[in-house]
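Two complexes, one shared chain (chain A), two partners (chain B, chain C).
Up next is the complex of A and B:
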C-alpha cells in the first residue's frame, strides 16, 4: 500500500470538514474569548459572575464530554433536527476554547501596568479610548502566542468530531483501517502526518507571534 | 426523540452506575502521569545531547507528537500497534491508554523539566564550577533544589489537564466514567443525564485542584521570583 497514491486521496476527502470546523470554531472561540474576557473585567457583578460560571464549567470539564452533551442536548433543548452535526462540533470546540482563551485575554489586559491606564486617564481619555488606544494594543501582542497555541489545541480537538458522525480526516482514515487491518500502522501514521501538516503553519505563526511579543518590550 | 426531556429518576439511577467508572478513570490518570513523568526525562536527556542533528530531530519528533490529536495516537496504540512488524504486541485498553496518553503528555512534561533547569541562573552554574563541585554535587546541591520547586505547580496543572483528557480513552473501551455513561445512555436512552453526571464529576474534582494549584503558583512565585521578593522588601518604601 502506497501512502501517497492509496491513502492520501482517501484522507483528502475529509480535509474539507476538518479545515472548515477548525476555521469556524477558531473564529467562534476568539469572539467568545474577547466577549467573556472583557465581561470578566466588567464592573457589573452579575455579568462577572455569570461569565465566571461559563468559564469554570467549560474549563473544568473536557471537550469530549461537552461535545457528546451538546450532541444529545441541542436537538432537545431547541427542539430542532439539525441537518448536520457540523454546527455542534463548531459550538463545542468554540465554547470550550473560548473559555480557555478568555482567561488569556483577561490576564493580558490585567498585566498592562496600571501606570498606562492612569496616564490615559490623565490625558482625559474616555474608558473606551483608554481600552482602544492604550491598553488593547499592548495586551494583544501578549495574547498572540497563546492564541496560536490554543489554535493548535483546537486542531487536535477537531479529531473528536468523527465521534459524532462527521466525516473528517480521522473518519476516513479509520474507515480505511477497518478494511485494511494489516496496513493499520501505515494508515494511522499518514493520518497523523496530515494533522501535523495542518499544524505546521500554526506552529510557525505561533513562533512568529512569540518573537513579536518579545520585541521591544521593556521589563 | 424522547418525550421526557430530563428525568431526575434516571439521573439518580445513572449516578451510581457512572460512579463505578471513577476508579478506572483515576487509576488511568495516575498511571499515565507517572509514565509521562518518567518518559519526560527521556526527552530531557535526548535534547541535552550536544549534537545539532540529534537535537533538531528530537525537537521535531516532540513537536509532531504534541501537535497531533491524542485520540489518533490512542487508536494507533490500540488497533495498529499489534500489527506493527517485529515489535507489535496486543495490549490491554488500559495499557494502551497509559502508553498512548503518557507519551503524548511526556512531551509537555519534558518541556517543563527543561524550563525548570533553564530557570536556574547562569551564575549558579558558574559558581558551582568555580567551587570545584563534582557533577553529582552540582546537580544535587545547587541545580536541582532550585530547578524542581518552580516546576511543581506546572506539573500540577498538567495533571488536571490529563485528568480531563482521560475520558477520550472511552473510545478504546477503557471503562472509565465516560464509557459507563455511554453504556448507561444506550441502555436507557438517558444520555443527557449520564453525561451531565460525567461533567459534574470532572468539575467537582478538577475545580478545587485548580484553585489549589493557583494558590501554590502564587506562593512559588513570591518565593522564587526575584522581582516579587524585591517588591516585598520594598513594600511601604516609596519608590
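Up next is the complex of A and C:
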C-alpha cells in the first residue's frame, strides 16, 4: 500500500469537513470567548455567575460527552431535530473551547496595568473609550498566543466529529484501517502527517503572535 | 483675589479601616503653583488622585470651578456623581504619573493625539501640529514616531507631560514624577516642569520629594502629616518661620 497514491487520496476526501469544522468552530469559540470573557468582568452579578456556570460546566466535562449529549440527548429531551451533524460538531467544539478562551480574554484584560486605565481617565476618556483605545488593543496582543494554542488543540479535537457520523480526515483513515488491518501503522502515520500539516500554519501564526505579544504591552 | 479654581472642603479618605486623610481644607487658585510635601504614607498622592477622580473621597466636597466634583444635583438633592458628571468636570484637569503610564501600543505622537481627537473631538490636523509642538517643547521632536519602549525613563516622563499639555488643562497634577527615575535623568524632567511653571498660566499641584525644586517654584507649600495639612504658606514661611517640629525634622532629613 502506497501512502501517497493509495492512502492520501482517501484522506483528502475528508479534508473539507475537517477544515470547515475547524474554521467554523474556531470563529464560534472566539465569539463565545469575548462574550463570556467580558460578561465575567461585568458589574452585573447575575451575568457574572451565569457565565461562570457555563465556563465551569464546559471546562469541567469532556468534549466527547458534550458532543454526544448534543447529538443524542437534546433531540430526545426537547423533541427537536438538530439541523445537521456538522452544526452539532461546530456548536460542541465552539462552546467547549469558547469556555477555555473566555478565561484567556478575562485574564488578559485584567493583566493590563491599572496605571493604563488611570492615564486614560486623566485624559478624560469614558469607560468605553478606555476599553476601546487603551485596554483592549493591549489585551488582544496578549491573548493572541493563547488563541493560537487553543486553535491548534481545536484542530485535533475536530477528529471527534467522526464519532457522530461526520466524514472528516480521521473518519476516512479509520475506514481504511478497518478494511486493511495489516496496514494500520502506515495509515495512521499518514493521518498524523495530515493533521500535522494542517497544524503547521497555525503553529507558525502562534509563534508570530508570541513575538508581537512580547512588545507593545505595559504590565 | 480671584475665586479658587479648586476647593477642598473637609475631605476625608479611608482605605478600609485606615483613615488616610482626616479633613483636608485647601484652596487652589488659577495659575497657582502648589507643592505638597510630607513623609511617605501621609496621603499626599491621595489628595491629587481624588481631584483626578481616581479615588473617591469618603466624605467632604471637592469643588472644581464652582462645580461639585463627586456629587451632582438630582431631583433637588445631591447624589453621587455618575461618569458623565465626572467627565464634564474633570476635563480641565491633567495628570502626570510616577510611572509615566504611556500607552505602549501607540507611538509617542499617537499617545499625544488620541485624547484630543477622541475625547475633545478636535481636528486631527490641528491636534497633530499641536502635539508635535508640545513634543518639541519637551525636547522630543525627533522621537515622535518611536514607541515608548524605545525611550529612557526621563524621555517617557517628558512625553507624558506633552500628552497632558496637548489637552490644554487648567490644572495640572504631578504625582511624584521623578521618583521612578534614575538620578541622572531627574534634571531633564524638572527642567520641563520649571518651563511649564514659568510660561503657562495653568494651576499646578506637585507632590514631590524634590524638596529644593518644590520650594523654588511653588507659590504655596503644604506640609502634610498624618492625614492633615500641618503647615501651609509660601516656601519662605514654611521653611524659615515654621515652629512645627515635625516639619523641621522632615526638612532636616533633606539637608545633609
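Here is the rule we go by: the second predicted complex is superposed on the first by the 209 of 219 C-alpha atoms of A that agree within 3 Å, B and C clash if a C-alpha of one lies under 4 Å from a C-alpha of the other, contacts with A are read in each partner's own complex, and residues count from 1 in each chain.
The rule is short, and it goes like this: a residue touches a chain if its C-beta (ideal position, glycine included) is under 8 Å from a C-beta of that chain, and two chains touch if they have at least 3 such contacts.
Note that the coordinates shown come from a computational prediction; the quantities given were computed from them, not determined experimentally.
Asks: First (chain B), second (chain C), both or neither: which does A:115 touch?
Replies: Second partner only, chain C.
Asks: Touch test for A:181: chain B only (first), chain C only (second), both, or neither?
Replies: first
Asks: Which chain, chain B or chain C, is in touch with more residues of chain A?
Replies: B
Asks: Could you look at A:127 and tell me whether it touches chain B, chain C, both or neither (first, second, both, neither)?
Replies: second
Asks: Check whether A:203 is in contact with chain B, with chain C, with both or with neither, and answer first, second, both or neither.
Replies: In the superposition, A:203 touches chain B alone.
Asks: For A:24, using the defined touch cut-off, is the partner it touches chain B, chain C, both, or neither? Pick first, second, both or neither.
Replies: After superposition on chain A, A:24 lies in contact with neither partner.
Asks: Return the residues of chain A at which the contacts from chain B and from chain C coincide.
Replies: In chain A, no position sits in both the chain B and chain C interfaces.
Asks: Sort out for me which residues of chain A touch chain B in the complex.
Replies: 56-57, 59-62, 64-66, 68-69, 72-73, 75-76, 152, 155-160, 163, 170, 173-174, 177, 181-182, 184-185, 187-189, 191-192, 195-196, 199, 202-203
Asks: Would you pull the chain B residues touching chain A in the complex into a rising list?
Replies: 1-2, 5, 63-64, 67-73, 75-76, 79-81, 83-84, 88, 164-165, 167-168, 170-171, 178, 182, 185, 191-192, 195-196, 198-199, 202-203, 206-207, 210
Asks: Taking the complex as given, what residues does chain C use to touch chain A?
Replies: Those residues of chain C that touch chain A are 52-54, 83, 87, 90-91, 93-95, 97, 99, 101-105, 114-115, 118-120, 147, 149, 160, 163-164, 167.
Asks: Over in the complex, which chain A residues touch chain C? Could you list them?
Replies: Residues 113, 115-116, 118-127, 129, 133-134, 137-138, 141, 215-218.
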